[in-house]
């Protein structure tokens, strides 16, 4: 019988090695795999490259990973935010490198890795500083730059429900990078609110098929859902 | 109020012009927009380029379009089948050109058109006759060829349910090329079994958001579903 | 991203009938036709959503994977899994759909959005946009989805004050800040006037308050075509 | 695509314990571990599905957008929207999922399938596969998903008779038919023996019936390494 379920987050991320490239899902707090990141901090892997849309908010999640000195490099689209002080400090101190990638190119590069595409021509960033040093080409009258896949050793993502084959559904805008990262990493670890019986997910509505998932941890309803409290601006 | 609903198939495809490139969804009979193709035959547009996985089966659908002499060129992955006599005859008579594209490259080229990708490096077809004349490159030790987007003037696809904004869900393997073609054509026309109220489709399960859809025609339950009869091999 | 805080006063704009941000948002809303699929950038452009006429169906796209975005939720009904690009809580309208980031940015890059409205540091005469980075030494760059929106939407509009707080024109001959996109902006809505990007520079299609064309030329230091009497503007309702 | 009709007799195979197609399918099924994600090509390879032990969870992928494909439906329960790559009716198992063609072929190209089993016209010593086109003048080419499968799955296995109906070897020094993929096949299961593609040609890991290595070398005209006593084969259960 196939079962990708793991007892807890520590077990699920136990083999992440020093120097690994780790993709971390989420757009702000939505879809951020909080428990998996906490377990990674406790586990101790260092010299990490983090691929994520943001570079951490407040003092938890990616921010805590940076503060703990585990991150060598960040590949993201939007590091600077009102509460990105952990990244800001490490970056200014020269402790963390930054590769800034426009958000759509970031998503498409991750998608390319999962889909076996060797490189692709994108119009985003043409004529800007992010295109410096990149191969350029005009195709059918439109200008493009060539971008390469972004792969990872491990992806840590958060979804809403899973079955034991690793099929996933998400909730609302918490979907964001999850389906892309799941396909782009050698090992994909998912935290979910709830594990359901095989067959309980509607096959038409599965967003990430289990083929892309290696390990699933049920973390229960997420703390911030329970608290009814939003980490962004108040409503 | 937004409404993409049209009275019937004839109205929905009335403006297809001679010389148009028309994408037609479906893999075999599953997802084939039978009523829209019939309307296109009646409408009379000719000199068409058809982009589809197959080149018609039996005497209906794309096969009938070919028999009617309306097709100048076919871009597809699998023209030759047990019952592809319409295409076979026209091809051997030199009346129809064929561009043969491996199925995954076909899908990815259509996807690239919809997603604004200028070209992409694919490993499929390397070292085979389909790579002849194509730009080749080795990236990270793997060999690739460069493929370009496939765009269309019109896409004709079949889905299961739609709302008046054009949001779509499909049924089982009838999904196939529909979501890709919807995004790759200037005008996308969809036939559905059923139109439902706005808000009746689960937003988590919408497969083709209405942004990609221009016109929707409700055709009722498809004839071959009613007949309970399968067009392929008997069960 | 825009450097344009919706709630801040604008000390550089003399009070002579220049539009405040809500009035400018309402003006922009008039040019958005029913059925348009629109992305509103972080900051002031988000005000446009509230200015759309009740009952007019305009479909809002948010880069983080949603079409059919609704207004901010009632207090107590905040869903942490449902936010906009500015990471503010939003709601879901009937007809909404969710999708992942590759699909969301494919919608932009593939030219499927009708309109996006962005803030700006600078817009040049050929429609170059600078709105993501001042280029100041030591500043941490953050681009997000701005470059994808700039090159992707069918019409890219800018909403901004004409002048910076220091009185410098945001409309320029050539951008000095790092670019977001090249030749991508078609129209600039400012507190003083509406400008269209045309072949040889900016054309003024509409003046607010007692602003005059001469005054705009002086403030911007640019030659400006007078199109205030013309109907040949880019507005989608024309 | 394979030129190998599952129900046809194979006149060129003397009846000396060579495996018939169902027995060969059963032999291949033994090498598929629980949890493997497998694509079975059109024709004979589809027989492997029926040969998998009951209760063993192997997830079948079909190129036309499904994981978790089940066996043919009971008569009267055919769903025209649910077919396999050979356009035959199939069923849906608990745990199934549907997706569009770009995602389905991304699974192949991205290296997410564990095993695919394909038919063949020819396989060369370096693992080149020819299975889509005879190259005969006037033949209408049709490639379908064969090229994507050939370059995509982690292990590409071939299921075929060793000889054509005319007695020619399908294992060759170099393919003469148009290629499907280059250096992609890792193992060939034939009615006479199992061959692994190794650095310097084919290694025979298993002989069926009273077939001998010498005989295979004569039939194929190739030097063959004897790996029948070795455990150093590629089988996933080793």
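As written, the chain order gives the labels A, B, C and D, with residue 1 at the start of each chain.
Going forward, a contact is a pair of C-beta atoms (placed from the backbone, for glycine too) under 8 Å apart; a residue touches a chain by one contact, two chains touch by 3 or more.
Chain identities (UniProt): A, B = 3-oxoacid CoA-transferase subunit A; C, D = 3-oxoacid CoA-transferase subunit B.
Here the structure is a predicted model, which means the values were calculated and not measured.
J.: List every chain that touches both chain C and chain D.
T.: A, B
J.: Imagine chain C is absent, with all remaining chains left in place, and give the connected groups that result.
T.: Without chain C, the chains stay as one piece.
J.: Of the chain pairs A-C and A-D, which one is connected by the greater count of C-beta contacts?
T.: A-C
J.: Which one of the chains is farthest from chain D, going by Cα centres?
T.: Relative to chain D, the chain whose C-alpha centre sits farthest away is C.
J.: CA centre of chain B versus CA centre of chain D: separation in Å?
T.: 29
J.: Could you work out how far the Cα centre of chain B sits from that of chain C, in whole Å?
T.: 36
J.: Among the residues of chain C, which are close enough to touch at least two other chains?
T.: 92, 98-99, 102, 105-106, 108-109, 152
J.: By residue number and range, which residues of chain B touch two or more other chains?
T.: Answer for chain B, listing residues that touch two or more other chains: 108, 115-117, 122-123, 170-172, 203-204, 207.
J.: If each chain is a dot and touching chains are joined, what shape do you get: line, ring, star, complete or other?
T.: Shape of the chain contacts: other, as it matches none of the listed patterns.
J.: Let me make sure I understand the interfaces: which chain pairs count as touching?
T.: All touching pairs, sorted by chain label, are A-B, A-C, A-D, B-C, B-D.
J.: Can you tell me which positions in chain B touch chain D when the two form their complex?
T.: My answer: residues 27-31, 53, 77-81, 84, 87-88, 91-92, 98, 100, 102-108, 110-111, 122-130, 143, 170-180, 207, 222, 224-225, 228-233, 235.
J.: Looking at the complex, which residues from chain C come into contact with chain B?
T.: 34-35, 37, 57, 59, 61, 67-68, 92, 94-99, 102, 105-113, 152
J.: In their complex, what parts of chain B are in touch with chain C?
T.: The touching residues are 1-2, 113-117, 163, 165, 167, 183, 198-199, 201, 203-204, 206, 209-212.
J.: What part of chain D is in contact with chain B in the complex they form?
T.: My answer: residues 62-66, 72-83, 86-89, 92, 98-102, 104-106, 108-109, 128, 133, 138, 140-148, 151-152, 178-182.
J.: If you look only at chain A, which of its residues touch chain B in the complex?
T.: Within the complex, chain A touches chain B at residues 108, 112, 115-123, 137, 139-140, 142, 144, 148, 169-172, 202-205, 207.
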